[in-house]
Amino acid sequence: MTPAARQGGRLPDRATALAILAALVCAAPVFAVAWIAVTGETGDYLAHLARTRLPVYLVNSALVAAIAAGGAGLIGTVLGWLVARTEFPGRALFSWVLILPLAVPAYVAAYAWLDLSQAGGPLHAATAGLFPTVRGAWGAGLMFALVLYPYVYLLARDTFTGQSADAYNAARTLGAGPFSAFARTSLPMARPALAAGLALVIMESLADYGTVSYLGAPTLSIGLVRAWSGAGSLVDAARLSLILVAVALIVFGLERAQRSRARSHAASGRHRPAPRFHLSRTQGLAAALACLIPLALGLIVPLARLGWLALNEQPAPNLLPASWHSLTLAAISAVLAAGLGLSTAYALRGRTFIATASARAAGLGYAVPGAVAAVGVIAILSGTQALIDPAWQSVTGEVFPVLLTGAAAALIFAYLSRFAAAAIGPSEAALARVTPALDGAARTLGATRGETVRRVHWPLIAAGITSAGLLVFVEVLKELPATMILRPFNYDTLAIIAHNYASDERLGEAALPSLLIPLVALLPMIFVARYLSRARSSSGQV
Amino acid sequence: MNYAKLLAAGALSVLAAACSQPDTAAGAGSEQADTPRVVNVYSARHYRSDAAIYAAFTEQTGIEVNLIEASGDQLIERVRADGPRSPADVIITVDAARLHRAEEAGLFAQSDFAEFTPEIADNLIDPDGYWIAIAKRARVLAYSNQRVQPDEVTTYEDLADPRWEGRICVRESGNAYNQSLLASMVARLGEEEAEAWAAGIVANMARPPQGGDITQIIGVAAGDCDIAITNHYYYLLMQNSGEAANRAAAEAVTLFFPNQETSGAHVNISGAGIAVNAPHPEEARELIAFFLSDEAQRMFAEMTNEIPVVEGVEWENERLDAVMPFVADTRNVSELGDHNATAQRIFDRVGWQ
Amino acid sequence: MTDTHTRRGLSIRGAQRRYVKETAALAGADLDLEPGRITALLGPSGSGKSTLLRAIAGLERLDGGEIRLGDTVWAGPGRHLAPERRRVGMVFQDYALFPHLDALANVAFGLKGPDARTIAMAQLEAAELGHKAKAFPHELSGGEQQRVALARALAPAPAIVLLDEPFSGLDRRLRQELRERTVDTLRRAGATALMVTHDADEAMAVADALALMDQGRVIQTGAPEHVWTHPHSVTAARLLGDIEVIEAFIKAGAAGTPLGPVATPDFKNGCTVYVLVRPQAIRLTPSADGAFTVTRRRSAGTHLAFTIANAEGQSFTTHTPVPSTLAVGDRVDVELDEAFVTVVGA
């Protein structure tokens, strides 16, 4: 039995307990939503929905998720492997630029593409109507694939970089050609990381509202908003969101069950950094092209279209303070989320039931559409307020000074609760590469637990944890519903300004804030890319 | 190590941010002479031009405006959850149904709005005095100059006729304005007939709903369909757009106010009310009074192409002039809220996406 | 079992491989592998052994030279046969077992057809690991992993078996055990094998033929004892064990060394040569007026290592079989057993 499994029976120590607590706090809003769903009054709207639109919602949700996952999986895996294991012109630049489409809110891409491809739009005219209009479940799925593939790409890249080349080479000597060896060894070994990335893609596309609403893909999240906004029943909306949560649980449960006892990394823990394949000239150009296409479709084309429209409009005012707000919120959340992801990943190593349960629960916040998740956050905060106020009053005789829902900290709480999954998944995948043998080696050499983490684990998992932080950074930059409702007075972010214009179909004016979002995202990306390449070269990895 | 410092910095910033709230719940202290007067506004309007209106208000009265903009339902949720501690003074929505919901949730205080201005139609004020309209928008039709004769277009009801099959562009049913339109049909014609109408529209759609109102107008201009249902100000916006393609599309399309001989064009409102737990009720009244003043009403007309609710206001907006005056539906807009849930169910049943 | 008709030898001529920033990893290596024999490739780190191994496997391309199996050219000018087309089996340094497959699936990986699992199972049984067929690599001990890796490499009946330091990372007893098993397995399979190692004792214990490599070249090949007793160069000598290198000048057909003269029939008078003396070559006899004094005495289990020094301060290490009564401070006479002495040019 491996040492990690042997630890299974122990009570969690202090650090683990803290991590579990943090995870549970993040899970609280989802529980609040579940509470609302379960304790709210029963109406017949859901029954009515089941008779009318529910099948359509379910089918469309499945379609959108499948297309998004398929597209993002293909793009992310192929490009992740190319960047990690081969050498071709521009590879170093592409390595981190390929993450950028994540900073384009999906609905911005949707607005731009519909504008371009609709009847009366430039692409339609230029191709005499041959270019299909980006719409419906296919259009939405495609948009998600194009802006969400970086989830898979990032995790694939990190995992392929860390994979020992010998397994692939062994497969070659055993008679497998390049594709066969990749498919039978590298790919299955990368499976946990890829699955984590795909899980994020699926959850985000299912929880999205703006894109599917605009492109006309009636998914469950649309039904959810209609129940709330149209039928006036927040309780039914909460119930529908529980369906999404259930879907998330099933998908992950299946994935985990399938993994069984197989591992994804070599048993011996020693690994030889894989030398890169140098591609031939034509192969190299093809690889560069393969990198360029998703970038063009997901990033360059939509932003260029908006930029073009912006030429005829006034620039939006107040972008500078909004940029600052976006940046600070995202940075704080990213750091905290990285810490959360790391500590939860460590807690998960102990394989105790409560650690696993809290981590999964924390990740569920991602599956709930943002507007409903925000309601959950409000419920938790106001519930806490309702507890604090009378207690404070009776102790001090004064009114408790802070209104919890009005503080910027409420936003951070909302972000962490929503995006815990984006931090925990990659951290887990990263930590899986640290074998228990390394721990033992460090401890017998006299390192304390903290030192072991710092000196032995960190260099190995730096890439993964930093990726986790980066993902959350970008997510917070894009985030809309929770930000809108929980922000303090007079507090705009780039996403809010962009959305206000876009939803009013003033795309030209939405252009500048939309462009600024990936621009602001560039800053930490460059920093992270530099930091990681330094860390990698100093730890001897190629 | 860098990360430890970053984490510490992050934690400190969070603390700082958390403790730095603007003085929104000043409570009893706000009446002191040295504290600047504020009014806390929760608005579902998201027009950047509103900033000018608030600025004008501040200039006139010296009251600072603290603003949160979010969707109507979200605002309602937040004010509800905050309960007696809610800092909201004024709640503004962009459609009647949300206004109705806020009223049902008990978020509004009763006020005598009629004393603010006599020149406002009765159907634009809540009969129980919880809210008042501050601007109007009409949901009307835009038809192709080429493919539709002016005398073909008469009423909303007529659009369900089979001769319009494959010729209608309209956005998704979840949009609040579509919901209010159907709600008004329910109020006027009863649920059964309204459902038949909705089913007829669905049968006549040229393509599944996609995009917003402007997308529909562009669709008409491009030939995907012959007639679209849209809010009036989108058309006016396109006429004035910096984008040549939009202007050209507006040229190819005519805006038409239906039901002029019958029930009048469907009108929705952007409305406001004073929060029941408002910490600054006096300032709230002043803001709403300002919204109804000639100055603000004029700004609504000129900046967002909305239709003023106060009669006799003068504005300079040629394009708006071109479509005014028109016969509007005189039913009280609170009915739009009453029937919204029914409208949603009808949409579900007829499969209007 | 290796088919008899594939018992062709591997021949490598002038293999060259150069990396961008570094000096050549292979600088013209020549090697022949005789069919059915185990060849050990010995050399220090950086000598190019692993590169040569990978070039044979097809995992590296040659920049020059040729690799042929019998008449089939595997690598040559303008030709590079992909690894999956060569019939090589390879055991990697860290075994490279597929972590996501169990032992049986690992062994069966290179097999095709309906009998794959049966054949694989037979291989596992032969390695006495049949009961671990369902175990995953991380559930196996180091030694078990090595045996699975070997079984996996042999299962497709390859023409050449390559082993890259297959026993490193294991404890001494296990190494020996495993070594014997591996040699056994290879012989039973009649495999033509090339084993890379940096451990001289291991190389000599395992090999039918020994090849020494240094700086990208094969500097000597031959039977292990022969290469040990007759190294062709100082480097070769050092690779295989302790050696004393004495620079000497030839006069009157012999090289004069502090240990005595050494006949040098192959060299001209007046040359400078290196006299390579294995510690075993130095015979010590106690003598009251011997030229050398014993300065150190160490036990090495099977022999005693005496260090002797003469009046000029020159000291040498000698190996003497146990038992011996010599003690530190004793004076000794020295005699060279020429069987263990070689002379090479400077």
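The first chain written gets the first letter, and so on, giving A, B and C; residue counts start at 1 in each chain.
Criterion: contacts are C-beta pairs under 8 Å (C-beta built on N, C-alpha and C of every residue); 3 or more make two chains touch, one makes a residue touch a chain.
Keep in mind that this is a model prediction, so the values were computed, not measured.
Taking the mean of each chain's C-alpha atoms, the chain closest to the overall C-alpha centroid is A.
Averaging C-alpha coordinates per chain and comparing to subunit C, the farthest chain turns out to be B.
Centre-to-centre spacing of subunit A and subunit B amounts to 34 Å, using the average Cα coordinate of each chain.
Remark: subunit A and subunit C have CA centroids separated by 52 Å (rounded to whole angstrom). Centre-to-centre separation of subunit B and subunit C, using mean CA positions: 85 Å.
Against subunit A, in their complex, subunit B makes its touches with residues 1-3, 6-7, 10-11, 13-14, 17-22, 24-25, 27, 40, 46-48, 51, 66-71, 73-75, 77-78, 81-83, 85, 87, 101, 172-174, 176, 179, 208-215, 218-219, 221-224, 234, 237, 241-245, 249, 340-341, 343-345, 347-349, 351, 353.
Residues of subunit A touching subunit C in their complex: 2, 164, 166-167, 169-178, 180-181, 184-185, 188-189, 191, 261-268, 270-272.
Within the complex formed with subunit A, the residues of subunit C that make contact are 54, 57-59, 82-84, 86, 88-90, 92-102, 109-110, 112, 136-140, 142, 145, 152-153, 156, 162, 169. Residues of subunit A that touch subunit B in their complex: 45, 48-49, 52-53, 56, 114, 118-122, 124, 133, 135-136, 213-216, 218, 222, 225-226, 228-234, 309, 312-313, 316-317, 328, 331-332, 335-336, 338-339, 371, 374-375, 378-379, 381-382, 385-386, 389, 399, 402-403, 405-409, 412, 454, 481, 484-490, 496, 500-501, 503-506, 508-509, 531.
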